[in-house]
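Letters A, B, C, D and E name the chains as they come in the text, with residue numbers starting at 1 for each one.
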């Protein structure tokens, strides 16, 4: 039988999971878990492939499991799934350390990066060339933004919390609804420019960093933890005047963040040694709490960690209540 | 006993069988091996093969189909039976060579079929998920759509034409770099360079094929991209992005050089010297000889090498991701960012999307489409080779 | 390039040929020789370009990666304080286990603080955080292991080399400067000066880091402790499987197709099909491996055997294509000669044709193995792109244990946030290239032996 | 596949001396009809010479006799060729065994790119003709001596066979064929690159072989045909024009084509 | 590379008719000393025959004359070989130009794997001997006729040259060499695979060529040497034993080795 836990999923959660796995192996008498990345979708897919030794035990996710996925899980006999939300990930804008400071609002970002903007009641292609074109208070620097590609969960958060919010706040959404219908307007709000001002990044934050390195005028979207590890190269932008940090994200002041999850296959508890212990270990205060190694790395701890611990030790499964 | 040890035991029996079969044939021939139909070695091999093969097949089958536990030990019995039977068949007249060769031939056939089996398995593993995709997404939009904008909330546009365009464009540039350089390098190595130079240069160039593609990707991103941007694209007003089809193509071309050069070099080297002599004696220069006599004779192999390079170009991800960006776009300007089918296959499969959504399943459809397309390309290549092949001797 | 320009009178016309000197090139020869020189120059240029690309790549790899083989250690006395490691005070190992690694950080912090005081090091703004992030988190783990293994250490002062954190390490490799330390949230100028002061005292030493090659991967919090042991073993296992399977299968398949198969539509189909397999994106092989080897056959995830099988399928087309080309290139007269003395087709093949085709086969093998060794994408789906911190056991059982692979490690490390991992990734590439070279040397040697012209 | 034991069946008494019985043999290379309707009986313990203008089909017919034409993709053979009464084109016949019995020396010398020794020892090795190294050495020496090559190469047996002069390569190929001890030896212009002395020695060898085997030799030299052969077949444009005792053919040709070919004798 | 235009220097009057002047030529294949100290003058507008036992170095010497030995890695040539008074082994000599003037037919036929037409047209094309297609056609036809091959291949000019019979290939190679119109033609046993009639035609061709060029032919047939050549050189074990008028060599050989080689005449 397999004696190590197998974990797969989101690459955003991956660093946290590896830290936990390492500490788990060090401090407990279990074999070290094997942790894979591969993306939330891929992780959940393997997770939902069935119950048994050659399926994984834990799926990491940077978003909640979707209904369609849950249905597939159930269809494959994976009925008892524990959902564990262990913290938050802040999403930040950062530019090269040598460049000017940016104090952004969602409106600015929307106006700079939307494919089409409303001008004089008409929908026209976005022609803004510098940030100053968008908002005179911003530096007159060419607009180049490195945004996670559509495969990334971060992109979804970006679209929702920045683009859509900016669209709404700037009043463009209203105007759009007037021009078309509600659905189309929502879509138009999050459509990004394709003329090279907004560059999709299918790789990882390291790629974004490298791109900013080779084009210092660029502005990139990063995870908070990534930024914190590279403050010597990056300068972070404030959003609505709030600088991102573990504290501001936890307090909700900083608007762009998302919850992180992992899912545990309850049916494997008991067959795979250490599975329950792993889940519990993950959410202990010493690990996922503030001051723990995860927070040290950049995780925004869940303020309600105690509840989470409760959920784990009770082995509460999804849909139980 | 675990299957592993049963396997070892079977192999040991086979070795024993070889020795027994061999010595028995010699003994039956009264020590004069000339009286045998086949050499003693063949008799030995015959026994060994009959001992090992059925048993190993049984073992493999048992593993594949999760057979009950008693099946594995039964393999040992089978091995013993094979040993006894084939040993009793060992007579001086026994056509052991033919028997062994039949088995070898069978093995060869099986090996050739592995390729077919792989293809089938690939098609099968793609076709179901592709079917699911086409249930969710209209095929017209997929094949003829010119927009690729997947999104999480649904309502994605998943037209493959921009990806196809990017694939062809990048591969073309890569081949434009790799084929001339590779071919000229091959020619130089096989026909001009001294054996010493060749013995150093060839393996050195082969290292290029072994450098992980991520290194090339970073190279494209950090070095080649800005270089092309600052020296060519911007002065010519063709764009200001560091990642472009050109960047990815050029760097990929570098990686493909050894595929063209090393394989072609071997093939060119295999063209008989007498042909070169024939041409040189007509007063043609070395280069004329190569272009007009050697290369046509080596054509099938060279086309094979180029195809292999093209195949790698089509299948490459890392260099494209880092070098050409992730923008799906149809544009004739090689200094714009584009992307390829393969990149999107990997991207959609490893992303955070809902795994049962068209955004993920499109990867399978892309894979299948690419498969069919390259098939067409290969058929064309085969036709061309058949037509222009010059068989020597 | 062919017909025409200044035609020489054909001697069919009775005019006596003009006597020309060999030492004077006529116009046409001049042109042709110029073409020849150009052609040759193209060759030199081509090789030059290829070599230049190689040299440049190798240069960057070594520039970025060689520092991964060195690591800075500190040597300071560490007091194993009982109240930290054994709060219950009864030296019961079970009780002592309750103190997690994180807890041991206190020992190191105190030790460093004591060291600073003792040596009279005065640094402005040296904060507690500067002290606590000075050492690698690996140091705590090592300490805990040592104490648990030998509870008698409690209450004593030990002096063992302690690994410094990636930032401190970086200060001695030029990665972290005083300026960058000022901006860096993970370090500070004070820490920088502390490190410099300690080095001056001779208590910090940078030495060759075997652990980089032998130890296992580590989490994002301790890049300085990450090693390649598991990846090397995983790659080794996979390459063993690939070599043992793909070379014979590939050669056998080529032999059948080239020499024995009847030439008909079916074999054409197989031929096309094989070259087509070469064009299948490698990740699709991962899809296949997941479906067939993991889900159908039931082999474990993350196991080298599955990786090896997938990579075998991936390399087969390369080997088959090059082998077939090489077999085709053997002149038919050699086959005739062997068949003519009564050799069977099999014997002809194995005794004569195959040895002559060997250089091409080996080239295919080199290229195929290089491809396989550097490939990550297919491993994504079968679970080998993973964080594995236990060594796989010796073969054959080891083939079924979880392992990662060298390119996977490179890929993983380049994605991590801490810049120290970039250095590690480059170091891993060096190891990978060394691995490749070792693998190819034999093939290259054999190829040279088999090479001949006929 | 089943063991077909070539020939333990009774051989017709009247065919006893016939080694090869060919009936209505046709060969096509793709569209080209290279051998037309050839019927001929080749006798045992006899040297038969094939003569005829270049391109008339001599080599083609020779290659049919040990099924070497199998290796040419576009070649197609029809008709019957019986070796000791058995059809060699029978589906059940193993061409390998056939070729072990019917050896061949090709028109273009084609030594293996191996050492001279290995070239000659190859046949004996695969057929297990030698019990040990000493015996093998002996076979090799004997074959090389027979082919009049021994003296020239005895000091360089382990150098490669492709480094020999044209004539030496030709003799090497003869030695290689002889070493296998075939029942029938097909020789396609074996002396074309040989000097008179070597030619004489090879002819002597052929004469020796005739005592036990049958030999078919293609030659362009009428003198040679006359010297070594007992039977001669004259081919023309794919047809077997005339076949008979060598003496008769050269002195009393029946067909005008033979007549004119022979009288254009040059040499 | 430096353009040295030496050479308009006056050619010695006494050497006017000497095409090739060879002095103390030595050839080694690695350790093997294949040509020893050969000095010989080959005359213009003359057919010279090289005779001698197989392996004596005829082909080797022949290959020296147009530096084809350059392509054999282990071959080393020493001594002087002057073509029209110019040392062909001079560093400044371009072997390409040399070979355009000194053509060669090899001992083993080596047609290119191209169509018959392209085989013959190859030389004229690279040397630009034809102004247009019609002229090229003419050259090809003339060369094929000269090599006595035209009738056999005129209907299949565009089939591959490797599908020809041995003798046809040999004639194709002759046609190929002739089509380039060299000043000196080296022929290594050009008739070894030819029937008497074809041989006669090739010999006729050689005789024609002699009017304008010089021809060197290696042959094993004394008769052929006697028929076509004016000068004969007899090689033995790498030495040039005797060189002189063909008539003299065959009737009054001075050296006992020549004597015994010729009298062992069999041919």
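Heads up, the rule we're going with is that contacts are C-beta pairs under 8 Å (C-beta built on N, C-alpha and C of every residue); 3 or more make two chains touch, one makes a residue touch a chain.
Keep in mind that what you see is a predicted model, and the values were worked out from it rather than measured.
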{"item": "Neighbouring chains shared between chain A and chain D, ordered by label", "value": "B, C"}
{"item": "Middle chain, criterion being Cα centroid separation", "value": "B"}
{"item": "Chain pair with the most C-beta contacts", "value": "B-C"}
{"item": "Distance between the centres, which are taken as Cα means, of chain E and chain D, whole angstrom", "value": "31"}
{"item": "Inter-chain centre distance, chain B versus chain D - centres from mean C-alpha coordinates, in Å", "value": "44"}
{"item": "Centre-of-Cα separation between chain E and chain A, whole angstrom", "value": "82"}
{"item": "Centroid distance [mean C-alpha coordinates] between chain C and chain B, Å", "value": "20"}
{"item": "Multi-partner residues of chain B (each touching 2 or more other chains)", "value": "218, 272-273, 285-286, 288, 349-350, 392-393"}
{"item": "Where chain E touches two or more other chains at once, by residue number", "value": "96-98, 100-101, 108, 126-127"}
{"item": "Where chain A touches two or more other chains at once, by residue number", "value": "37-38, 42, 203"}
{"item": "Chain pairs in mutual contact under the definition given at the outset", "value": "A-B, A-C, B-C, B-D, B-E, C-D, C-E, D-E"}
{"item": "Touch list for chain B against partner chain D, complex", "value": "31-34, 36, 38-40, 93, 95, 98, 102"}
{"item": "List of chain C residues in touch with chain B within their complex", "value": "1, 32-33, 35-36, 39-40, 42-47, 49-51, 53-54, 57-58, 60-61, 248-250, 252-253, 255-257, 260-261, 268, 270-285, 287-288, 291-292, 296-298, 313, 316-318, 320-322, 324-326, 328-333, 344, 346, 356, 359-360, 363-364, 366-367, 370-371, 373-374, 376-377, 380-381, 396, 407, 410-411, 414, 425, 429, 432-433, 436-437, 440, 444, 448, 451, 453-454"}
{"item": "Partner chain C, residues of chain A touching it in the complex", "value": "2, 4, 6, 8, 11, 14-15, 17-19, 21-23, 25-27, 31-32, 34-38, 42, 46, 49, 53-54, 56, 97, 203-206, 223, 225-226, 228-233, 286, 292-293, 296-298"}
{"item": "In the complex with chain B, residue positions of chain E that touch it", "value": "66, 68, 71, 73, 95-101, 103-104, 106, 108, 110-114, 122-123, 126-127, 160, 162, 173, 176-177, 180, 182"}
{"item": "For the chain D and chain E complex, residues of the former touching the latter", "value": "29, 51-55, 59-60, 107-109, 152, 163-168, 171, 188-189, 192-200, 220-223, 261, 264-267"}
